[in-house]
Amino acid sequence: MKIFPKSVDFFEIFDQAASNLTEATSHLMDLFKNITRLEEKAKIIYGIEQKGDTLTHEVMRRLNKTFITPIDREDIHALASAIDDVLDLIWGAVDRMTVFRITETMPEALEIARALHTTTEVLESSFGYLREKKYSFVHDNCIEINRLENHVDRIFRDALGRLFDDVKDPLMIIKWKEIYEHLEDASDRCEDVANILESIVLKHG
Amino acid sequence: MKIFPKSVDFFEIFDQAASNLTEATSHLMDLFKNITRLEEKAKIIYGIEQKGDTLTHEVMRRLNKTFITPIDREDIHALASAIDDVLDLIWGAVDRMTVFRITETMPEALEIARALHTTTEVLESSFGYLREKKYSFVHDNCIEINRLENHVDRIFRDALGRLFDDVKDPLMIIKWKEIYEHLEDASDRCEDVANILESIVLKHG
Amino acid sequence: MKIFPKSVDFFEIFDQAASNLTEATSHLMDLFKNITRLEEKAKIIYGIEQKGDTLTHEVMRRLNKTFITPIDREDIHALASAIDDVLDLIWGAVDRMTVFRITETMPEALEIARALHTTTEVLESSFGYLREKKYSFVHDNCIEINRLENHVDRIFRDALGRLFDDVKDPLMIIKWKEIYEHLEDASDRCEDVANILESIVLKHG
């Protein structure tokens, strides 16, 4: 019994899910860079979120039909759920932008989106390393993702401080607080993905 | 070894818990239909929440004392926790109504309560189908619950938009935002119950 | 095979983590008693949170390297995560105090901090009892923690009500609502720790 049998293609779906996630954060950066045509940009990210849903369901479906899995069942389940959560939260942030009729962007939102994009790129390469059993590379990536999450934490904290210091309108504060919270939460869930990857590596490494 | 031994009555407790949940959403509808005698109505829902707590503890207690379970231990645990979460969130929404001294209802709150009531009715029948091993019926119910959750998502989104568009008082916005969030969260937890049921069905079907 | 082999020192790390948590709530009480030198006090609690992070990673690292554990792997994992969550939320509350430039304390915040301190003392002694297999003592402690959590729930509820009744500034309401929510969440996570302890006791008792 090989640990990573070739026939099982969970890695392939995870590759697609991670690449889909990177696409979402790339569009998120665009959106916060230039808020014009918000509805149109939101629609694109919604499409990516829908594709992510399909991939998550595909993982779960195969998981329930497969007896031998390349990595522990609960880890596959947890990975798929966590990636799905990241995408849901990114979509949640974008959706709030349209519901709240936001017409101006915030520099901190773009900064977080940039960090999220780097994070998802690192996550995407981690899945490749996992498949190739380059565990020390996965490990290094996880450390990098933790560093990026701390970075987002600090931006979020500063953004919140500046929001209460500089913005006068309570409604605008409530709106942006909620958008920032979605983004920060997305970053937290990325760290969850990294933690699961880390524990998989520790088990096999 | 039978997969569903008659002697174990987890299904019985789940039936009671699901029926208790339906009772809660029924009272929730009443409350948002007509907000008079709020304290009195809240007290009734609190009693239902307390009964739910007892049922959850009963599941956990038996689970820890039982070696052979009709469905996977972790699924029983997850189901009981998720049902408990739904009830906690419904109670949380109602409790906020009294704490915030809300004196007028919102049409969207009633709309969500109606969808939650239908959702809990579908959940209740799902537990019956699970016991009777009518797995395709459970599966169809899960699809219906997912549809209802998407419906609640859209009502929540519109309610949030209208709140910021129409209501002028920031305090009222904060209050209703929090009540809506509890209701939307309750709907999310119902979907969690459905997802667990779906995965049980996939394992046995 | 002994159930609790002497060689494994997970209990030792949990003792340290629980004692670290008690130290955090002790400083939290101090802070809400007298808000002067907030930055300085916040820095101390941040140091405690960082130490907690190290202890959590240590548990996870050893867990992934150990085949035989004194208690179920998933329980060790869940305990370490839940303790980490409590500390994160306490730090989150303190951090918000500085970010929001809070200059006056609230009596309810001190009241919750006091209850949290008692809770963490009870948690700390529970880990001692668990190691010594004094399961009925662990059980009694868990009941006490549940009682304390209900107490915090009521303080939180009253604090929220008074906030909307007495405080006029919407920004101040948003700020304190968020601080209270972090504290109440910390109390919820303490109850999670107790629930895991309870289930461990039920399995072994």
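Note that the chains are named A, B and C in the order they appear, and that numbering of residues resets to 1 at the start of each chain.
Keep in mind that, in the parts below, a residue touches a chain if its C-beta (ideal position, glycine included) is under 8 Å from a C-beta of that chain, and two chains touch if they have at least 3 such contacts.
It should be emphasised that the depicted structure is a prediction, and the values quoted were computed from it without experimental measurement.
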Along the shortest chain of touching chains, how many steps lie between chain B and chain C? 1
More than half overlap in residue numbers between the two sides of the chain A-chain B interface, or less? Answer same or different. different
Between chain A and chain B, centroid-to-centroid distance (C-alpha), Å: 28
At least two partner chains per residue is the criterion; list those residues in chain B. 170, 174
Across the complex, what residues on chain B touch chain C? 60-61, 64-65, 95, 99-101, 170-171, 174-175
Along chain B, where are the residues that touch chain A in the complex? 157, 160-161, 164-165, 170, 173-174, 177, 199, 202-203
